[in-house]
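Next up, some structures in structure tokens.
The same chain A turns up in both complexes below, where it pairs with chain B and then with chain C.
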Partner chain A sequence: MGNSRSDIDTGEVLFKQGNKMAVQGIWSGTISFSLVAIPVQLVKAVEPGRVSFRMLHSKDYSPLARRMFCPEEDAIVHPDEIIRGYEIRPGKYILITNEELESVSPQRSRTIEIVEFINMNEVDSIYYDHPYYLVPTKGGEKAYRLLVEVMRRTNKAGLAKFVLGEREYLVAVKSMGGALALMTLHYSEEILPDEDISPRGGEIEAEEKSRIKKIIKKMMADFSPEKYADERRKKIMDLLKKKAKEKVPVEAPQVEEEEGEGPADLIAALKESMRKVKMKR
Partner chain B sequence: MAGGTIWKGYIHFGDTNVPVKLHTAIKEERIQFHLLHSRDHVKLRQQMICAYEKKAVPDEEQVKGFEVEDGKYIIVNPEELGQTAPESSRLIDVHEFIKTEQIDPIFLDRVYYLEPDIHLKGYNALVGALMEMDVEGICTWTMKKRSYLGALQTNGKILRLNTLRYADEVISVKSLGLQKIPLSEKELKIGSDLINQLTGFFQPQKFENEHQKKLHTLIGKKARGEKIAVLLPRRLKPTAPDKLLQALKASLKKVA
Partner chain C sequence: MSRKVVEIAGRRLSLSNLEKDLYPSYGFTKAHILEYYRRIAMFILPHLEDRALTLKRYPEGVEKDFFFEKRCPSHRPGWVKTAEVSRDYGERMTVCLINDLETLIWVQNLASVELHVPLARVGSPETPDFMVFDLDPGDQATILVCAQVALILRDLLSRLGLTSYVKTSGKKGLHLYVPLNHKGKTFEDTKQFSRAVAVIMEKNYPDLVTAKMAKKYRKANVFINWAQNDSKKTMICIYSLRAREKPIVSFPLAWKELENAARQDDSEKLQVIHSEAVITAEKQGDLSREVLVKKQKLPYL
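The block that comes next holds the complex of A and B.
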């Protein structure tokens, strides 16, 4: 995975890279309901529609890679030498290993156990956080298909909790267009009360309401999201097209690939688990 | 309490303007970890490294490039990007109204609360109208130099703005390359019965974020120098395709 995408910290709007990324697994494990267990992978369901810029070095136009850096030694740190720390007082850390982290909820870190099914229309949209897809892995295809089909027929969704990285997610798994979609949900304690900003007093004026209803009636339609495009993204694409005509693109110097012993991957994995599923915006 | 006001503007449709203030509706609290160097426990930071020179690159030497083909880039500077920012506006422009439940949850992004601003007349009437007609408004607006698509909705008390993902941001199910696998009516019937048996009401209060507490306990133990038992994650044995019906029957028996 490219690790210098500039959307990470600048909030810059980027372009999607096609569906190549879609099949990249974020997590693999098992989804279960009652006595049925299905091996699955968690994959992305949305790709922020951001035009993907790469950060380059202005001197040589070489791409930049994001690496963990020790300010004390003024050096890049090998992933094997990175550990997670919880700060108990300034500069004083409690070290936590990956194994210890997994031990907190060992049963939930590899299994999405559906504990009950619900009617999806009972879920207030304020609970929805981030969508993913689950895809079956080897041997799970048939049971997966069954779960997709019976949830479609019954119009139900499964509720489960599972642990990914440092967080435990409450999720709803539902049938969508022949696949299982997994939506992470907010915990109810994360939803701020709205009483303090609710309108106080002031009856609904019947006349004003019926006037508004008339306008709404004239404006009724069916939801068709394709009608709306991100204006900013269009402008950026126009800008890029214009520049591509006017100027010859710059060329990055040839570099041999980083050895496969893994700094890149492990770093990516660590970063993933740190950021994991913050996974959005 | 709702989060602070982050934006002020007007809901606009037909010839009506309803003044509102936008508030955040969600507050996530989680334990913050830092990445440290295992040798000296120095807090690490992320640094951009030049792939060619293998050296850290200071901010002022970083530029943005759009890759047109392998290794070839168009450089775009911040001023040019700034010009693509949408014009700032104070209007939440409602384009149409739709029946609720039409939006698949995959499109739903985050919710903001809308507080009435200046006067209540239009606000209260809009809450009433949306509620009675069971509709929500599809709208666009500009906030913090970004253009947003959203659904204007009500929960019966207040108005809310639910930001929506753009259609081309949603990855299609087709691209997942799922196989069609035939199932017997019997499997489907027992599967459906089982799901109906296991159905309850959505009660989000039942689910606590226990994990945070457990993490705190783990940190506390380590701080006191206690030993931590490392438990290995268990992987469930997948249900074999030819045992599926049997597993469904056994499940149904268990819950019935």
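The block that comes next holds the complex of A and C.
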């Protein structure tokens, strides 16, 4: 609908980098602890670099939609007929309604209430889930800077429970490059047991140990992630840029918006009835 | 503040300011309003039953400020029936149900002159009992243009096998109701269907109809407001008074009456005042009864 083709022809929109996009708040509220309350906005800290493709119909380039399919009936199932079941054993389900799910969903958070402070170096990186930034909003700048500075110096982080979307997360609020970052953490029950991972037994010889140590020392560098890039992504983007220059992009058939507002049968019946109504008048 | 205690169906109600003129240009007091609703009760109650009421209150009369009240006031008597409905984000809200005369009178004592109700009942908030076409004329269009559009719509729907019923909005518009009265269709369906109808009407009668909300398209045209087919929307209840200079009622019409009014170019016939409403309803019964009982299926969906 608002899908202007000319944007795509210039190639600019298509190849826009994630990090050039305007910062958009996902949530706004306050961070609070004790008597402190800082108004903030939550924004994304990372944008996964996956190149995504639309699936098209080869014969006319119409974008395709996903439908739920019933293999038993060999037919597409109408959304009205789709319900949720939790599989307790193969083929055995407990049914659950939207209302039931909603009744156990947490209320949206208005505050990030820090309940305790911890040493960030005690948190193993396996607990890190997804990073965000917190940006101060009007009136909160001073308190925000103070908290950033104190947490940076002490390497402390605030722990809080926080509802985003439909889930309640355990989050750590910490200082990161002069700003506050919010890291959603995995719950401990999500961490898989590691007992069987590390092999047991056998003394390690001191000579072997020192040999490996030496190799590592020789290969040491500062961590500079910009040296590495997602090679596949880079190649795909280069390929797309090349193709965009060489070829005019294919176009989906222009669907007349209004005609698309009902099932084909209904539109046909309406047209036919309308013709008869007009004839009679 | 003057008070008068009355007893209705064994329940005591304290009515206030009965002498207050709520339609000052016409001269129609709160006592008149209560009397209107008392006499129309047997006709209006089935249309209000089990529907989440939105009160539109005019404490200082219809020419002064009003306010909407969706929550049932907490100072309500214990016998007022209520329901819990969920709003966006799962928030719960208690609403009034006008299921009996005493509640109707209590609500009118709050100067809730206009009664607005959704198209679905509280027990099944996602399945509308009817599909509506809210015909809303632009500034330069009249109710007679609405009548023309309504008559074409009736014919079009009838060719699709659907019987429709019409009422005045009590203002400048008309409302077409297509009864469904089964749980097979959701608001998604009625919205899709009514939108397709509105769009084809617009295409075939571009000088009469618009299917677009924006005011600039209305002007001399009638806007077919298909978007009223939504669980969050309400319509003025059949037989409700409207808040305007005179106590005009949203009143059901026989198609013949609408045809006659259109032919005679007589828009006065489409403005039904309180006394006429009571007399006509008592004489002919509820013309819109079928809206509540007739079962119809939306074809081609």
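By our rule, the second predicted complex is superposed on the first by the 169 of 281 C-alpha atoms of A that agree within 3 Å, B and C clash if a C-alpha of one lies under 4 Å from a C-alpha of the other, contacts with A are read in each partner's own complex, and residues count from 1 in each chain.
By definition in this document, a contact is a pair of C-beta atoms (placed from the backbone, for glycine too) under 8 Å apart; a residue touches a chain by one contact, two chains touch by 3 or more.
All values reported here derive from a predicted model rather than from experimental measurement.
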Which partner, chain B or chain C, touches more chain A residues: B
Which of chain B and chain C A:247 touches, first, second, both or neither: first
Touching partner for A:236 - first (chain B), second (chain C), both, neither: first
Contacts of A:105 with chain B and chain C, given as first, second, both or neither: both
First (chain B), second (chain C), both or neither touched by A:221: first
Which of chain B and chain C A:51 touches, first, second, both or neither: first
Overlap of the chain B and chain C footprints on chain A, listed as residue numbers: 80, 102, 105, 107, 270, 274
Footprint of chain C on chain A - complex, ascending: 80, 102, 105, 107-108, 258, 261-263, 265-267, 269-271, 273-274, 276-278, 280-281
Parts of chain C lying in touch with chain A, wherever the complex brings them together: 86, 89-90, 152, 155-156, 159-160, 186, 192-193, 195-197, 199-200, 203-204, 211, 299-301
